[in-house]
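Below, chain A partners chain B and then partners chain C, in two separate complexes.
Moving on to the complex of A and B:
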């Protein structure tokens, strides 16, 4: 059943007007009549009819002008105008259409055709109405979506940007809304100094791509702050993503563990394009190649956390990039690609400019900068080691224990899988007096533990590390021996002793190895500045006392505090 | 069909559409047509080809609606003359139109009488 419409009839001929008005009324519509264009426009403004039957040739104002004005007043709403005409010349019909006419009706009038035309125009009118409603609805939904994204971004920024991306050793290029492209960049200082960096790229776009970023950031920051190792963080992130993400959603990622003091970088790349380690003062570049499936694909049992280790020198730079860089597309549909990126590296003369040059090459290639590119550079600066903010503790430390001792022994299979340092340091930091030295404690514990494990338990020879090839071999042997470890132990003797004005921590660490001549190693390490690292020198520098028992099977270090400092 | 003064089939449809208003429609047409004729004569006297064309066009439209087929055909010819600016041909055609309208007028009057009876 067609709707009852209000129809405006503009016709200067009285008989025709009367006839038409009667036909339209008989078809169930309400009619308004005008005998010239001016009247028609005034009536339209006043009554807002839904359809207009308009004679082309009328006195005072013709139908063309009246049609133009009515269409203008109608705005977005479709008010169909049917021109009443016996005009037959094409030119006149074109004028009708140009003035906004939607159809024609020729004289003599035919009721059946008129009714069919009014119904057809009514359908068109409703269609336009529906389109407008849906457009407004879509606009509303879109606004809603954007406001949700703003909220999600605000929450995400709190989580993701709690790290150290603003450190002077990091430069990065990333849109503030990158998380909705699935891109994720995180960086955090380790308690022992040094830094963890993660560049991730989730599959998909929008909120689904962003949602996985939250748990990754939480795990990354939480575990880094507690002193967990890169492999532990990798395992935890992978397990968590595998558990929570639907099949087909995963995270390509590169993780770095940079030890500024030990001049060492540990790399794990799962599915991201090659990163690059650009050596200072040379054009040598080591690609940091993906050797793993992305995070969130494999079960914890099948996951491979094996990292690669590279020595670092002052001035070295590490570049990581998302595939948005290689897949940047120009107007001809060509991809930027690896070859163009390598060309930028090859043409570089001033390493400090590389980051900017890559950016410029991308902008030149595409004509404009898009927001789906993530690029980060970490450099080992001459200005020294980046400083980390002091650790923050939730409790007041009033109930701090002051007189105790404990011994822990971690054996074969445990050493293979478990990193005891976060656990031990958590315990020690219950002692309020030690908290201001937390960073130093982490550094010294990490150094002594890796000495005990690598040289003592695993029997690795640090002399291997004296060139780049031996360096790689050293870490290959380390992971192989660790995987097959059955026996051996590392012992921690912790002793907290109260003193008149404060207290003292005495830590002795022993291992099941052959023992070693600490003072001799120390002399060697102080004498050279090489790939061998300066582990023991560092420990001695950071701790108050550092002594070696006569049997060589351990090291003892001491830290003290006085109440005045707290 | 061009020699039909007034198409009775058209009249039957009009009566069906208009119902009680049928007589008013016929009277309105006759009164309006007098006005069109006056405008046509005036346009011819002032040699205004555009006005001649518009008035002939409008008259043609209502004639076709009312079933005055011969008259509508003559108006079409006059409209063409206005279009072609061929004013010298206008007086002859205008006279024909006046004669034809006189016939149509009589036919409508008798139709009115029939209808009211």
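Moving on to the complex of A and C:
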């Protein structure tokens, strides 16, 4: 049974009015009656009936005009108007509909048809009501969702901040709300200079994708700041995602470890499309191919952290992209695809323009740039190495330990997996006087440690690195020998000595290797700008004093500070 | 997109056939295809002959099937991959988890 409605009847003929009123009342509705258009409009405004029966021809104001005014007052709400008419010619009936009428009923009135029409119109009216309610509800939910996303985004920005994405060596293209598409771009300076970069793409969209991005950003920034290596960061991110994400949700990612000073990039790609290392001054490109499952799929034990190493030269550019670039779709439903991207590379004449050209090609292809594209370019510029902002320490450093020494020996089994540098540097930075030199300390430690490990313990020959092929071979041997390492050691002797106006750090590092001819290596490194190592020359530049014992077993470096310097 | 599944006569093997786009829209249907069977099979075949496109949520769904089928002990073969589909599986290095032919 339809609900009880209030029905307005506008009819100038009193007998007809009475008849209609009786039929409608018997159907269970309340009736209002008007004898002309003006009255009808006034009654509508006052009583807001839900349905109107309107005579077309009436004195003072006819039904057409009254219908127009009522429809206007009703606004979005559907107030069905059924025209009552003895007009039969088509044109007149069209006028009824044009004035806003929803149906008409021919005179003389038939009770059964009138009742049926009122019921039908009531159904329409309620349908419209439901649609409006749902529309408002959806609008409200959407507004709610957007405001939640704004808050979530603000929190995310605090965690993921922009790192060093504003560095002059980085150019990137990404929507500010990319995290809700599952895209994530992070970059941070390493304490030793150099940079870690991560481009990630989570399965799925919206909040589930964004939630995974949070721990990734925290691990990435936290561990990079403490001086951890790329492989350690990879392992930690993978383990964390595996633990917290449901099966079937994972993160395709490429991570880069760029050492500007050592002119070296370390690459790990799990599930992202090929990145490219574009060589300066040539049209050769090395694809940075996905060799691993995405992050968050494998258990920590099965995870493979094997990276690839490539030498860098001034002017080299690295491009990373999300699959949003290759899957950009034009109006014909075609995908942008790898072939079109490679064509952009092939047609390029001015490498500095490549980034813009890729962007333009995408825009041309699909008309406008959508927000699901992430593209980043990192270049090795010659206007100096990007500099890292000073480290921030939470404590005041008042209780600085100033007179101590310690010796650490890390043996085979440990060297295979553990990176002792973050641990040692954390310890040294308890000494307040050393904090302003933290970056230099990290660099020198990193250089000396990799020398001791690679040449001393693993017995690798840096002469191998004289060309790009040997370079790859060097790092292949490195990871093979490291994986099988059982013997050998690297020792750190740390000594902090107070001095009248400050203090001094003396670090001696020794390894189980054959020893080396420091001065000879230095001559070689200073002499040529080759692919093989700048390590020792760098250490000598950065430390206050750098000496070798006569047997070549070990290196000693010193750093001092004076009070008031901080 | 349409997903059908057919157990072998001895019930040891379940073949899931995917037609058209294999993406998030297929989520429920794909799950039903391996969850609504009378007895658990030993082996699974996902036939991608009619699959025109596969996205990262489809990769996620394959991982869910793998989990359902016993994780590291799962025996799942992905058959009849067209070059586009094969490329996507290759980028994600899924050959480490599935037999792809």
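Just so it is clear, the second predicted complex is superposed on the first by the 552 of 566 C-alpha atoms of A that agree within 3 Å, B and C clash if a C-alpha of one lies under 4 Å from a C-alpha of the other, contacts with A are read in each partner's own complex, and residues count from 1 in each chain.
Following the convention adopted for this analysis, a residue touches a chain if its C-beta (ideal position, glycine included) is under 8 Å from a C-beta of that chain, and two chains touch if they have at least 3 such contacts.
Bear in mind the structure is a predicted one, so any value in this text is a computation, not a measurement.
*Asks:* Per the contact definition in the header, classify A:447: touching chain B only (first), chain C only (second), both, or neither.
*Replies:* neither
*Asks:* Looking at the overlay, what does A:292 touch: chain B (first), chain C (second), both, or neither?
*Replies:* So A:292 only meets chain C here.
*Asks:* With the two structures laid over each other on chain A, which partner does A:510 touch: chain B (first), chain C (second), both, or neither?
*Replies:* In the superposition, A:510 contacts neither chain B nor chain C.
*Asks:* Report for A:22: first if it touches chain B alone, second if chain C alone, otherwise both or neither.
*Replies:* First partner only, chain B.
*Asks:* Pick one for A:109: touches chain B only (first), chain C only (second), both, or neither.
*Replies:* It touches chain B, and chain C stays clear.
*Asks:* In the overlay, answer first, second, both or neither for which of chain B and chain C A:252 touches.
*Replies:* Second partner only, chain C.
*Asks:* On the A-aligned overlay, A:204 touches which partner chain: chain B = first, chain C = second, or both, or neither?
*Replies:* second
*Asks:* Quick one: classify A:57 as touching chain B (first), chain C (second), both or neither.
*Replies:* first
*Asks:* Name the residues of chain A shared by its contacts with chain B and its contacts with chain C.
*Replies:* Touching chain B and chain C on chain A: no residues.
*Asks:* What does chain C use to touch chain A in their complex?
*Replies:* 24, 56-57, 59-61, 63-64, 67, 90-94, 96-97
*Asks:* Give every residue of chain A touching chain C within the complex, in rising order.
*Replies:* 201, 203-204, 247-250, 252, 270-273, 290-294, 297, 323
*Asks:* In their shared complex, at which residues does chain B touch chain A?
*Replies:* Touch list, chain B to chain A: 10, 13-14, 17-18, 21, 24-25, 28-29, 31-32, 54, 57-58, 60-62, 64-67.
*Asks:* Quick one: which bits of chain A touch chain B in the complex? Just the residue numbers, please.
*Replies:* 12-16, 18-19, 22-23, 26, 57, 86-87, 107-109, 111
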